[in-house]
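Quick heads-up: structures coming right below.
Across the two complexes that follow, chain A remains constant while its partner is chain B and subsequently chain C.
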Partner chain A sequence: MAKYDKATIEELIDGTIDFFQLKEMLSSFKDPGRFDTYLEILQERVPWEDRILLPYSLHLYVVQKSNGQRIIKCDCGHEFCEAHDNWKLHALIHVRETDEKLQVLYPELLAPDPQWQVIREYYCPGCASQLEVESVTPWYPVLHDFDPDIDGFYEEWLGRPVPQPSGKSR
Partner chain B sequence: MGNRKTQILAIDAGGTMTDTFIIDDRGEFVVGKAQTTPGDESVGLLYSAEDALSLWNMKVEDAFPQLLTGVYSGTAMLNRLVSRKGRKVGLIVNRGLEDFHRMGRSIQSYLGYSYSDRLHINTHRYDPPLVPREWTRGVTERVDLFGNVVIPLYEQEVAPAVRELVAAGVEAIVISFLHSYKNPIHERRARDIVQETLDTLESDIPIFASVDYYPVRKETPRTNTTIIEAYAADPSRRTLELVNERVKEKGANFDIRVMASHGGTISIKANELARTLVSGPIGGVVGGRYLGQSLGLKNIVCSDIGGTSFDIALINQGDFSIDTSPDMARLVLSLPLVAMDSVGAGTGSFVRVDPYTKSIVLGPDSAGYRVGVCYPDGGLDTITVSDCHVVLGLINPNNFLGGQVKLDRQRAYDAVKAQLAAPLGLSVEAASFGVIELLEAQLRNYLESLVMGKGYSPTQFSCFSYGGGGPLHTAGYVKGLGFEDVLVPAWAAGFSAFGCGAADFEYRYDKTLDINVGYQATENVRADAAEALQGAWDELTEKVRDEFDKNGFASSAVQLRLNFRMQYQGQLNDLEIESPLAALSGATDWDKLADTFEDVYARVYARAARSPELGYTVTGAIVRGSVEIPKPKIPEEPYEGEIPNTAAFQGQRQVYWDGEFLMADIWEMEALKAGNRVRAFAVIESPATTFVIPPGFEAVLDTHRIFHLRQVSEGR
Partner chain C sequence: MAMQSSDVNLKQEELLNQQYRQSIGWNGKTLKEMREETDRLTAQSGYYAGLRELEFKQSEPIRYEKIFSKLRGGLVHARETAKRVAASPIVEQEGELCFTLYTPEGDSIVTSTGIIIHVGTMGSAIKYMVNHNYEENPGIEPGDIFCNNDCHIGNVHPCDVHTIVPIFWAGEVIGWVGGVTHVIDTGATGPGSMTVGPVTRYDDGYQIACRKIGHDDMLFQDWLIESQRSVRTTKYWLLDERTRIAGCHMIRDLVLGVIAEEGVDTYKHFSREVIEEGRRGLINRIKAMTIPGRYRQVGFVDVPYRHEDVEVPPYAKVDTIMHAPSEIVIDRSGKMSLDFDGSSRWGWHSYNATPVSFTSGIWVMMTQTLIPNDRINDGAYYATQFNLPYGSWMNPDDIRTAHSYAWHFLVTGWSPLWRGLSRAYFARGYLEEVNSGNANTSNWLQGGGYNQYDEMHAVNSFEAAAEGTGASAVKDGLDNAAAIWNPEGDMGDMEIWEYAEPLLYLGRNSKPNTGGFGKYRGGNGYETLRMVWGAKDWTMFFMGNGYVSSDCGMMGGYPAATGYRFEAHHTDLAERFAKQLSFPRGGDPRPAEKVYEKDLKADVKRDKQAITTEAIFENYDLYLNYLRGGPGFGDPLERRPQDVEKDLNGNYLLPEFALKVYGVVFQQEKNGHYRVDVEQTAAKRLEMRRERLQRGRPTHEWMREERGRILKDQASTQVRHMYATSFELSERFLQEFRDFWDLPEDWNLYEKDLDMPTFGSHHRAVNSNKIV
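Right after this comes the complex of A and B.
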């Protein structure tokens, strides 16, 4: 069974890994310890102490507060909302819905017609990192696109209970 | 000893080791190994030959003068290509299409991948192009697909392009224009201007116009192949010359020939050297055809199991088929290649348990020369099929490669237990036997689907089984398929080398044509078609004769075979057919070609599928020219009776088979005589291969040192 050292997983996270090593990893069965190594690296890199339960998307994590609450948190430390809530509705949103704003990105004839299509950009209120971009029709709702079953993931896939906040029992 | 009549030298120069096979007049062979010497491959080659001959107590100086012929195949060119260490090549293409080479074809992003990786798009990758964009220049011109000049060649654009490329330091220039196979006028004119410009620059870098090399349809394969000629093949010519010189210095009386993709061997002076890029497995198919000719067998399935793959090719009516757009080194090419099908399953395939489904997974990667966990020096942790053989007792750990490589049974046993038996909850032996059964079932399905998929039945074919790992599994993968006969040559492990030695000295040139003749066409149309095809044959015949001329063969010594590719108009697949006529003139000759096509079509597909009302298209002309050369003799021995000599009997060994330990008779392959019948349960051992006769089978050795394996009962 494949087993990779921490440095390899760090290269994988940073995207600096050599392609042929990456190809071999992709073509092999996943190493059983991957999730923990991955989480350990992410935890080391964030400047705050809350425990990461699950990487959520680029810059975002589901963390566990000391009171047991699960929160979506940016790596800058900004806390968006409760884990089951739609974090996008708590972000700063920039909508490119005019020709002028769209043509900052695309040349005139290659830009979408804003009557049909707009571009929504989501930013972190804490650090202004761009977290998500959607290209949608103007009336399209802000979908809640990822609502992970964290308990199910830990118990049924990893085969262990979700870590408990220190000093608390379930 | 020391008085062997050496016949054939076959050299396989790999990236790390150079293998030398020397075959004598009995078909027996010795294998020598030495480290490859990349600077001058001839050094490693001679060490390797010395190593081989030492087994016969012979010296190179005694053995080489007796040799009849020598064939080289090597991976130096392939390595140069794969590691992108070829010449700096400049490319001249149509203006506006300067990016087509680096864009390549999307299939190139997953060529050579396993099936699961082909579906797993994250693994796909485009290799760096052979010619980067900055050494590519566009020149305005356009010839359409009918060969009409749509835009004339802007001649004034050629010289500046050449000057820029030379200033950039390129070491060769390739020219490839759209549809130049159809109308070569622009490409040839551009080539001449490039030459003139180089002359004024006092530069002697070589020029490669695609039309002079591979005048065939599809620009990416044609351009790739022409670039390879400039990039990797031509620079390898010096290596081959050195090999030739050194072999001659030691007394050889022949010129070394090189195995080429079309199944013939060519001179090291050949114009199109890129087709020697291929090596290895096609040798066995060529050997299969030769052996079939000698034995009077016309329909043969050639099957080869090595350490990494299972390769199958069909020989039909005495000839193999040719794939005209194969791929090598993850590039689509326009070379004629002996058609073969491969699956990544061999004796070195890794064996794993899928952690999610708990099923056994074989390969697709393999241990190669590192054998398995049973070979401590190989440094492997993951078990292979070979480890299972060792556990079961099918491979004698003390007699692997004639005892040169000592295997550790306990190591294999422990590893199979930890990685396979324990997770599956089976005994170590049962788990190992399961692996062998799974492998053989996969091979059997693959073999059957291949034969049936081409519209044939195994009962029409004889099956040749060879390769180092072939005879171990022959019984398993032919079981129940009903082949007419199953033949295992005693020299199975050296069969590819034998095949290289048996290959014709043959050139083959292809040209794309589009000759359309409708249903009930007028006499004039049919006569013109015959004339156009004959014109292409004349052009290619000239090329073939020129090549033989370089080696001093008069044109009268060259035997020509004219082939054409034909299809019904509008259909997608053409058939390559040998012309029944040596020259064409007039409408009646055309009709004979069409009749031949109808016959072949009926044989390959079905009589009822013939559709003359669609009309015909000739898609290509092919000329094959060969000259007489010495070939290895098929061994011939007197019949000695059914009962093997006791000297051949090596005692018994416990082997686990299908749920229980059985005592297997161990025979020494070399000591068995013509006529001997070996009954199950038996293992016939030789230094390079192991032949298993499982319950339900028996094998008889004929007077040509070929075993015939027969199923005598349903077995157990």
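Right after this comes the complex of A and C.
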């Protein structure tokens, strides 16, 4: 079974990993310890103390507050919402629904036609990172991309309880 | 007329034969009884064929693996050898073929490499023959050869032609082997294997519905004559068929050899266990790589049929959008369900799909991500639950539907699934497996007429097998590299295409800006400029996405660029060549700048209409074949400035977009080299972030305005048509839509209220029985 040291996983996260090592990683069996190493690195890198339960997306995490509440939080510190809620509903949105706005991104004739499709950009209100882009028809409900079963993941797949805020037990 | 005594004897002998004839299934069962038993045991136990333990694998693992390796290696070998029989570049160059071994009742055991979407389609055809008593009539005997390409029985589109051969051992069917190749032409209304123009099954070309086409390993003469008179590319058809038969017979010999060596009972037991192992393998892999939970995503693609260059019957003149919402639910047991509730209705075009193309075909994609190993068989199917709404484009309730380019919808419907799973890989830390999605695998250059050798011909360029791939979470997507439907994608050699098509190359270039922008960009597509040469009575057409991008980016990355078309007729190229004047060559990086027209006088069509039906092309006419890029990953403002510099110097990015999208400040040096200013870039990016905060609005505030537009019906007809057909099929989707936008309980949108033909949408009663 494959096993990688912390430095290798850091290179993976940073996108600096050697191509041939990456290729080997893709072709090998998965290393079961990856999640813990990954979590440890991410936790060290964020500037806040809340415990990361699950990396949710680039810059976003499901974290546990000291009162036990689970929320979706950006690495800049902005807190969006409760973990089961759709964070996009609490973000800033910019919709490209005209030729002029779409042709900022694509040369003319290579851009979507706004009569058929629009592009929605979702930004973090804290750091202005572009966290997600949707290309959808007008009127489309905002997608709730991911609703993880964190309890099931820890308890039944990892075989251990979900970490609790200090002083609490399940 | 008096009956002679010899006739009576013959009759009695026949009756006795029927009465005491041993069935060809195992242990005296018919194949139909075997099918019923396997389904019953699987449903009752939750394990394939009721196998709670993998006794053989556990007790003799080396012997078990040896049998698997022999079979798998033999199937791959048969594919590699047999494809040399073919003359079609689609098969010989691109590897568009596949062989699969099945159980007597039609479950797949092991498959070769190649277009493994067919791991289950030929099984579906076998099940059809089993369930329709082929054992009695026309009979199933050693040396028989069967053929199928009927989508509603078991296929993706009619150009994937199946050859299916039973394998007998001591009077029993021990299994079946199926071979499939993607043929160049099926004799449809237009030339080319995935033609645009068919709107019903009856336009889709030659339909072969599980037909016995040979006996004693020989093809029937009437089949040979009829089939070759039914398609345009006779020579390729014939050699493709010999490819399939050669492979099937190699595999039949292989299986008989394994049985001779290992014993028939061992083989029978192995064939059951390996499927159950495949089922468990997918579940284990899901548990090892994903997170339980719910993932939602969506795909759209355009069907712009109201355009004057789409010549179809009046009832098919509909502008609409294919809608493919999907929900992946992974439960705590590791079982995955895929629900496409809310999908739009089938239509009068050739992009409809069948359930088996989903339940079988999805593995051509999953082998590139979730199960990248050689244990691909029906076990994965048994581990997955599908909801494919009846009446939708993926499960039509009308046998009239056309399917010649089902991939237009399939690629668009499946690519978001990969994105959904990638969220799980990302959360788990397997960043190397993340893929933002896939290119729309177009354009399809197709056409036909008399070629440069004065032969009747059709073309279907598989340059589309090398699109840009999606970006991952650690690196850019690959440029002009692969296609979702063939993991071994290859653009093919220009010399081979020029040999096979009366179309000379005036350019073959990577196309800048076609991959989606991002921290890691999508792979770019490419384009080839072709000039018609040596053809007579020649037509061509375009097939691809034009008005929309058929995928999203991921986690801040943008979708790939959309499509467009360029074609030039009545050109002055002959005169230009004679006078040695300049002429169009190379790429078309900024389509609106019309670079080709600067060296050309012609009637040019240059627009977003990337789907057309046959147009006449004379020699010296031009056709641009633009192959699409893949979507991007992550915020473009986080792309390393030195990577943008590489993009600029490699002509992967038009300079003006480096600043507008990536916020990269650069200078061009005297030698033409671009150099990025890192400090000024950092300042520019800060400024762009401030602009985002200024233009960004709280989502709830924007939603109130969008709700107002819905209540006022402010959307194009094609958008509303898409919603109307989805609402009609799914009360659940309609209610979710109402709930999300806080619309009145009686709010709805009806197709009849739109200015669009509604032909075929009112006959639910007629079509309410499932197609059999």
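One rule holds for everything that comes next: the second predicted complex is superposed on the first by the 170 of 170 C-alpha atoms of A that agree within 3 Å, B and C clash if a C-alpha of one lies under 4 Å from a C-alpha of the other, contacts with A are read in each partner's own complex, and residues count from 1 in each chain.
The rule is short, and it goes like this: a contact is a pair of C-beta atoms (placed from the backbone, for glycine too) under 8 Å apart; a residue touches a chain by one contact, two chains touch by 3 or more.
Just so we're clear, the structure is a prediction, and the values are computed from it rather than from any experiment.
When the two complexes are overlaid on their common chain A, residue A:32 makes contact with chain B and with chain C alike.
A count of residues in chain A touched by chain B and by chain C gives the higher number to C.
When both complexes are overlaid on chain A, the residue A:99 reaches neither chain B nor chain C. After overlaying the two complexes on the shared chain, residue contacts for A:82 are found with neither chain B nor chain C. By the touch criterion defined above, A:18 reaches neither chain B nor chain C. When both complexes are overlaid on chain A, the residue A:129 reaches chain C alone and has no touch with chain B. Of the two partner chains placed around the shared chain by superposition, chain C is the only one that A:153 touches, whereas chain B remains out of contact. Residues 19, 26, 30, 32 of chain A contact both chain B in one complex and chain C in the other. Chain contact summary for the complex, chain C toward chain A: residues 287-289, 291-298, 300, 302, 321, 323, 331-332, 420, 423, 426-433, 473-475, 513-514, 517, 519-520, 547-549, 551-559, 561-562, 564, 589-592, 606-608, 633-638, 654, 657, 660-661, 689-690, 692-693, 695-700, 702-703, 706, 709-710, 714-716, 718-719, 722-723, 736-737, 740-741.
Residues of chain A touching chain C in their complex: 9, 12-13, 15, 17, 19, 22, 25-26, 30, 32, 34-35, 37-39, 54-58, 88-95, 104-113, 115-117, 119, 121-123, 125, 127-150, 152-153, 156-157. Every residue of chain B that touches chain A in the complex is listed here, in rising order: 114, 116-117, 120, 122-123, 125, 352, 354-356, 365.
Every residue of chain A that touches chain B in the complex is listed here, in rising order: 1, 19, 23, 26-27, 29-30, 32.
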